[in-house]
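One structure is given below, represented as structure tokens, and several questions about it will come after.
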Amino acid sequence: MNNKITIGIPRALLYYKYNVLWQSFFKELGIDTLISPETNYEILENGKKNTMSEACLSMKIYVGHVDYLKDKVDYILVPRIVSLEKGMKLCTNFSALYDILNNTFDINILNYNIDVDKGITEELAFIKMGQELGFGKILSLNAYKAAKKEEYKQNKINYLLQEKRLNRNKTKVLLVCHTYNSNDNLVGKLVTDNLKEFGVDVIYADIINPDGDRLLYKNISKALYWTYNQELLNSIEEYKDKVDGIIFLSTFPCGPDSLVNEMCSHKIDKKMITILIDELSTIEGLQTRLESFIDILRKDRFYE
Amino acid sequence: MKNNAYLGVDIGSISTKGVIIDDSNNIIACEYIKTQGNPISAVKQLIKSLESKFDSNLYKIVSIGTTGSARKLAGKMLGATTIKNEITAHAIATISIHPDVRTIIEIGGQDSKIILVDKKIVTDYAMNTLCAAGTGAFLTNQAKRLDIDINDFGSIALMSKNPVKLAARCSVFAESDLVHKAQLGYKKEDIVSGLCKSIVNNYLNNVAKGKKILSPVVFQGGVSKNIGVVKAFEDELKTNVIVDDIGHLMGAYGIAIMSKKSVKDNDFSFRISDANFETKVYDCSGCANNCEVIRIYKDMKLMDSWGNKCENGLK
Amino acid sequence: MNDKVISFPILADYNTPIKFMIEKMTNYEVRLSPKMTKNTLEIGSKYSPDYACLPFKYTLGNYIETLENGANVIMQAGGGCRFGYYFELQKQILSDLGYNFEFYSLTESDVNGISSIYKTLKNLNPNIKRVRYLYYLLLTFLMIYYMDKLDMYIRKNVGFEINKGSFDRVKKSMLTKFSKTRGFLDLIKTYYYYRKKFKNIALDKPKNCLKVGIVGELYTSMEPHSSYFIERELANMNVEVTRYTNVTFLLITKRFKEKYYLRKIKKYCKFTMGADAMDNVARAKILIKKGYDGIIHIKPFGCVPEIGAMKVLENLCDDEKIPIMFLTFDTNTSELGIKTRLEAFHDMLLMRRGNEK
């Protein structure tokens, strides 16, 4: 491989978690990237066409983005992540992503594989990916380290901005939702745009303090082993006393959320609402639910 | 000497169909009525009406087949010689009429299915797994909501130039979508046409997902009578879609053909319509399994029962 | 608290070895969960989150029924995918319902299964010696291994027994005998005795009978209630059935087979795909190569890893030109609907056979 190639990055799923890391890494190596646009209905339709009907909405969106990129780039980045820490897991979709996509489209996939339980760390995975792209070990490692620094910086900025929002005197709602959903045009944005219109400040549970206490989740659930849900629960513990209410937002039928969100509803004493978005959810229906929830929160504030 | 004739009955959730054929598979009598939630009276009514259309001086019925969701019940009532599922029945019927058929699309009252055929052999089939969206029951519901006669549904759809985008998975979901769209002031024909399109999309995305649809394509089941849906299928598949006049009778026709293999030499009497049938559902208490046992009585006498899963249960 | 009464969720016939193991390792009464009925799923669903997977609902139903029946200690096995998280939430739900009980997940305290089970059992019986523990653990493993081995034979042949119920009767008496096992020698003797008995059951089996392979999610595959007794339905249609998922596989062989399986389906999978998804693709391939007529894939609604496997299975079966049927089980799945599909699948396989001749 040479560096005149373009790597396509689907703007879905892990993109929202790792876009800074990916883009800085490829930039360090001088490789061009093409990112698919914000999710639109055409992308969703194409995703639906190419996935099993029962797959979760986030997966359908992801496949739609890959479909968008498939004829426009040389390689599409599809990582496989089993575990990011010892004893921890991600939803099995992330283990299967590579093989599912390979069985769906006739495309060239650039893949990296993280499985910390088996000793394959993110660093090793990125070095291997760099080598596959034709770069040396040292070069790849340096690119990874530089990218990691960028990632940290960005996470810290996001966190500080959120701290600022927390100190404003407005109605505040904590949105508990996977990063890939909270930022998606047809999932989280439907909710956050509406909330902003109602004059509500949104606190994102998926914005995480990179230097924060990572064990707060144990107050809610000791046995939890899904990394991303653990991060969300950490945020709930950190923010719950500073917000007026909590919105749990999931895509249908998310496996981990189905259990973890139920656990939260047993453990947290706070005004909350669960919203499940699927491919058929309508904006009108959503607005009604959000508005009434906000009304309830505001009444609480009036009477205090 | 009378000629042999074969009776096929297809009893579904919405409609009950009966067909009598002769040795060369010609239909000599047929009937189509609504089940209206009462399969016993539907079967009786069907048989009565078939009797009036049937020349018992020329023919005698030598075999009976039943199919559809109440196939077992109907089979017991009629003393059927063949009781088979409707998927196979549909396939057999279609292949006998269109020997070159490759794809059979069937959308009925509660089920939709796709059957792939190659050289008169069924090679693959699939059925809706998730829910009843996009089926006849769904369309009837929507028509009611829009205050349209279901029989006009198709022709209204054809008037539309700009079908509305609608979702169709669960009736519950789509209804709220439909209500919103109607309130936004879309034209009725555009909504109706949008519904037809959404049914086709739902079918292709769920039931027929991953299946290669080759022509000739035959479209059957109650919904095939809706020209709006037929048109939407043709637009989407970019091929001609065949709809038979007897498309709604295919299940009954197929089971009649299949019953030929199990001919019993006893003359079937139409007297069944006078007998008194009754079903009772028991929760068996023979063991902790609490099987739901269905018993059928003819003139107060227990004929048969089924549903029991073990030997120490009720009979 | 009075004396402890231990119980655990039902999984097919594995009640026998599990009860045996717990009895030998603790000094408490083991009371089996009441038999699974329609009611089990009904109560289970009532208190479960709506879109939790079906095994969650079945096992929660088991727990409620067994607690009502007087048990006050529940053990469960844990496992991968969502299974490992069941117990914490189920414990929470049950405590909020007002039940007072102890709850142990055998694999909760340690990544290593064997020492984790030991630690859990130590809570219930502080005096248990490591040697005694290992002895009975191995004995139980062997019992499960034998059961699974004979079950493979039963599935292949039960559809062809001349006297209906012969296999069931022999199996019942075997399980009773197993539950009274005195040691390794006794167990081995019992095994060979019953193996002979099974092989002596009169069969009317044509050489070229229809063969169907079942692959899919583990609970749905193993617990017959959750698949509406799909294997029995197939047997009644005179079909030979093979299903590789069993406890022996999950506990022991899975880890050894990973590389072999991946090699078998190199063309389709580069990695494992979570839970048993990749394994199921490989098994489908193996079954097809063995000349099976069709594959049935079963899973509870929303099962993430198996939905991933479906995409790959579709490609595999398309390439091999072997029909595959996907069945999804949910709380409102109609039994008649499943039967109709099975019957049609069976008819189709017969028709295809007719074509080949």
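Letters A, B and C mark the chains in the order given here, with residues in each chain numbered from 1 onward.
Just so we're on the same page, contacts are C-beta pairs under 8 Å (C-beta built on N, C-alpha and C of every residue); 3 or more make two chains touch, one makes a residue touch a chain.
Please read all numbers here as calculations on a predicted model, not as lab measurements.
Most remote chain with respect to chain A, judged by CA-atom centres, is B.
With centres taken as mean C-alpha coordinates, the chain found closest to the middle of all protein C-alpha atoms is C. Once the centre of each chain is set as its mean CA position, chain A and chain C turn out to be 34 Å apart. Chain geometry summary: the mean Cα position of chain A and that of chain B are 45 Å apart.
Counting only residues that touch two or more partner chains, chain A has 52, 54.
Chain B has residues 129-130 in contact with two or more other chains. Contacts with at least two other chains are made by residues 314, 328 of chain C. Chain C contributes residues 49-53, 56, 81-82, 84-89, 92-93, 96, 105, 108, 111, 268-275, 277-278, 301-305, 307-312, 314-315, 328 to its touches with chain A in the complex. Residues 48-49, 52-54, 278-280, 282, 284-285 of chain A are the ones that touch chain B when the two sit in their complex.
Across the complex, chain A is touched by residues 129-130, 167, 169-170, 173-174, 176-177, 180, 205-206, 209 of chain B. Those residues of chain B lying in contact with chain C across their complex are 69, 84-88, 111, 119, 121-127, 129-130, 210, 287-290, 292, 309, 311. Within the complex, the chain C residues that touch chain B are 34-39, 165, 229, 314, 318, 321, 323, 325-328, 336-337, 339-341, 343-345, 347-348, 351-352, 354-355.
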